[in-house]
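Each of the two complexes below includes chain A, the first together with chain B, the second together with chain C.
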Partner chain A sequence: MFLFAFHPEANVANSKEAMLCCVKEKIGEAVLPGDLLAFEIQKSENKREKLICGPGLRRDGEDVFVCKSGILRHKEPNLYWIDLQQRRYVPAKGESVIGIVTAKSGDVFKVDVGGSEQASLSYLAFEGATKRNRPNVQVGDLVYAQFIIANKDMEPELVCIDSCGRANGMGVFGAGGLLFKVSLGLVRKLLSPQSEIVKDLEKIFPFEMVIGLNGRIWVKAKTTQQTLIVANILESCENMTTEQRRSIFGRVSENVL
Partner chain B sequence: MMQVTQSGSFQHAAVLREFGCEHSLLSRPDGSASFVQGDTTVLAGVYGPAEVMVSKESFDRATLEVTLKPKVGMPGVAERSKEQCIRQTCEAALLTRLHPRTSITLSLQTVHDDGALLACCLNAACMALMDAGLPMHCLFCGVCCAIDQQGTIKLDPTAREEKESRAVMTFALDSTDCRVMMSSTKGSYTAAELQQCIAVCQRASESIFQFYRDSVSRRYCKA
Partner chain C sequence: MASDGTAKLSKNVLRMKFMQRGLDAETRKQLEEEEKRIISDEHWYLDLPELKEKENFIIEERSFLPCEDLLYGRMSFKGFNPEVEKLMTLMNSQNRTEDVEEEEQNKTGVDVSDEEMARRYESLVGSIKRKFTKKRNRPAIQGEDNVNSNIRSPKIKKVFLKPQD
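And now, the complex of A and B:
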C-alpha cells in the first residue's frame, strides 16, 4: 500500500476513453488489468487530497490503473483496493503465517511459507531465547510467525515475538492436528472481524484452529474423524453461498451428535 | 452476425467463430483457463511467482517460461517458435519487475487444433494469467486471419481454410490501445493487405475484450 496526493487541478482526461471509467461507478464491479480509474476532484477546494491505493492498483504518473482482475472495493474515506481470488501467496510485512521448518543452518532456521523463496527465522526471535537457551525447534515443525522484512528485493524474515518481546500466540505448535491449504480469499474471510463462517463452525463441535494468511489452516479436534470433518468442510466452503453452507453445517452437526 | 463489406479492392468477412472459456478448472496450478474458438481448444495453467533455479534467475524481473504441448507427438520446432511468440507477448504485458528472482511457468496443452491455434493459445494464456492474479499492465488477445487465393480476408480460419489460403497471419493486440504487440505471418501478401488485415483484427479484438470483461464479472459476481 502506498500514499500519494492528488493535485486538485490535475487533468485526468486522456485519449484512452474506452478504458477510463469513473471510479464511483465501478465500486463493487469487476475491473480488468489496464483499466484507468478517474477520481472526481473537487476544484473548489485548494487543499491536497490523499488517496490510498491498496492491492491490485498501481500509480503511473498521475493516473491510477488496475493491474489485477477482481472487484473494486472502497472504504471511507479514501481507501480503494481490488478484491481478488488468488491461490499463490506473496509475503508482505506484518502478516502472520504458518510456516514449516525445512532446515537448520547455523543460527537461522529456513522456513517454507509457500512463497517464491524460503523465509529465514533467527533462533533468537523466540520468547525467552538466548544464546545459551536455544528454542526447541526441529525440522518439520510448524511455526506461527510474523514477517518483519518482506519485499521483492530481499529474502523474507520471520519472527515469533512481537515488538515487546512477548510470544503473543506465536511460536512452534502443532502436535497432532492436520495442516491443509485453501485459497487466500477464504482465509481473509475467516479472519475478518465478524466472520459468519467461524460463528457457524463454533456451533458444530469444539476444536482448535490456527489460520495463516498464506492460505494454510491447521485444525485439531478431539478425535481424528472430527478433525477430518472440519478440514473437509473448510476446504469445500470456498464456493458456497450462505444458505448452502448453513445447510451443510446443519447436516454435519446432526450426524455428529 | 455476418458482415461482408467492400472497401477499396478488398472484400472481407469479419466474423469470429463462436468462442468460450472456463476459469480455474485445474486444482493444482495457481491459475488455469481453457479457451475454445470453434473447434480449437487450448488448456492453460500458470504457476507463479515460484522458486527459480539460480542459473535461470534474473535479478530484476521474473523469469517467464512457456511450454506448449501438441495433441499428439513430441513438441517440435513449430511448438518452440509458438512458445517464443507467446513468451514475448506475455512478458510485455506482465509487470515482471514486481517479482524479481522468481519464475512464472505457463503450460499450454492443445486439446484440439482446428486452425487459429496460436491465437487461441494467446487467449488462453491471458485468461490463465488473469486467473492466477499476476499483475499485468494491460490484457492481450490473439486474432488470426487468412488471405485466400482470391484476395478475400477470412477471420479466424479453420484448418482447412488455412491450408487453402496463400497467407495466414496471427496478431496479438493489447487492450488499452488495440496496438499490435506481436505478429506471426506465413505466406505471401502485399503491404496494403497486411494493413487491411491488421485493421480487421483490431475490430475483431474488441469483441474478445468485451468477452473477457463479461466472463470476469460473471465469475466474481457469482462468488
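And now, the complex of A and C:
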C-alpha cells in the first residue's frame, strides 16, 4: 500500500502528468514511476557536483525520473536509489551470483543465472587454470561467480577470480545442500551489514550458506531435516515482523535442543 | 607527336615514382596541389554548426552494490566450514578499511604470532650453529647456553703425546 504525499508547489506549478517533487522531502517516502525529481544543484563556477542515480532512477537529459515504485533512499554524498521489491533478476556488473552450469561448449561454460539469457563463463577464469590444466566443472554444478560484463546489449560474462587472480571463495561449491529461490529484496536484507535475520539464524545450529544476488540461496546443514528447516525459515521470514520471526526461531531452537 | 620533341605524358605517368626524380621543384609542387584539390573535393563533410557536448553531471548506476554495503555472499556459522569462516573475516574486513579494529583482526588472522616466531628463530639459530662446529668445539657452544657450568677454555688444544720409552 503506497501513501500519496502531494507536494503543495507541484499542484500549482505543474499541470502535466508528471509530479515535480523536491527530492529532499521524498527521501524515505514512497515514489511512483513517472515522478520527476528536482535536485537543488549548486551552480558554482566550474564544477557541479556529480550525482549518481542508482537502480530505479533514470536520467532523461537534465532530469531524473523514477521508473520503479518503491521507497527513495539516499546515501552521502550524492547517491540516490529506489528500495524496491522484485523477483526477476537483471544482471549488473560486479554482482556475485549463484549460477547453474547448463552446457559445456568448447572453451566456455554456459551458466544459467536467472536472467533473460544465459551467461558465459570461460574455463580460464578460474584460479590456477591454464590451457592444459582445466578446471573440474561438470554440467549441473553450482558456481559462485561475479559478472564482468552485464549490460543490455551484450551477452553477460562471468568470472570466478578477482582482478588479482585469486579465487576468494568463488568457483564450484557444494556437494549436497539445497538451492532455492527467494525475492531480491530478501537477499539484500540478508546481506546488509546489520542483518537481524542472520544474527538470529546463527544461534540455532551450525550450517553453511551461500547467497547469490540473483535471488538464489544454497544452504547446507548436518542433517537433511536441519537444512529444510533453515530453507523454510528463510523463505517465509520475508513477510514476517520481528516478533513473529523471533517466536518462530524460539520454537525451532526448542525442538532442536 | 614525334615532331613535338617532348611527348605529352599523362598526369598519371608523371605521378609515378620514377618520373618524380626528373621533374623540377615547381612542377612537383603544382602536381601536389592539384592532387590535394581533387582529394579535398572528394571528401564529404557536414555543413552543420558545431554542437557542444553537454556535460553530464548525472551518472546512472545499475547495481545495488555501492548503494548498500553488502557483505560477502558465502557464510558459515558455528564452525561448519572453517575455510568459509576465514574467508568471511577476510572479505568483510576488506570492505571496512577505515576501522582500527581491522589491524587487530589482521594480527589474529596470522597463522604464527610474533612471539612464537621469535622463539623459533632463537632455537633455530642455535641448532644450526651447533651443526657446523667441530666436535671439539661443541662443549664450548653448549657452555654458552648454560652459564653455570664450568667449561675448559677452548684454546687448550690436545696434542699427540709421544710415548716415552
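The rule we apply is simple: the second predicted complex is superposed on the first by the 232 of 257 C-alpha atoms of A that agree within 3 Å, B and C clash if a C-alpha of one lies under 4 Å from a C-alpha of the other, contacts with A are read in each partner's own complex, and residues count from 1 in each chain.
Following the convention adopted for this analysis, a contact is a pair of C-beta atoms (placed from the backbone, for glycine too) under 8 Å apart; a residue touches a chain by one contact, two chains touch by 3 or more.
Because the structure is predicted, anything quoted here is derived from the model rather than measured.
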Contacts of A:Glu29 with chain B and chain C, given as first, second, both or neither: first
Touching partner for A:Arg58 - first (chain B), second (chain C), both, neither: both
Touched partner set for A:Pro206, first chain B, second chain C, both or neither: second
Partner chain(s) touched by A:Gly215 [first = chain B, second = chain C, both, neither]: neither
Comparison of chain B and chain C by chain A residues contacted: C
Touched partner set for A:Ala92, first chain B, second chain C, both or neither: second
Those residues of chain A which chain B touches in one complex and chain C touches in the other: 58, 90
Chain A-facing residues of chain C, complex: 55-81, 84, 87, 91
List of chain B residues in touch with chain A within their complex: 24, 30-31, 47-52, 95, 98-103, 130, 132-139, 174-177, 212-213, 216-217, 219-221, 223
Touch list for chain A against partner chain B, complex: 16, 19, 29-30, 32-34, 56, 58, 65, 67-71, 84-88, 90, 115-117, 152-153, 239
Residues of chain A touching chain C in the complex: 41, 48-55, 57-59, 62, 64, 73, 75, 79, 81, 90, 92-96, 144, 150-151, 168-169, 173, 188, 191-193, 195, 198, 201-202, 205-213, 220-222
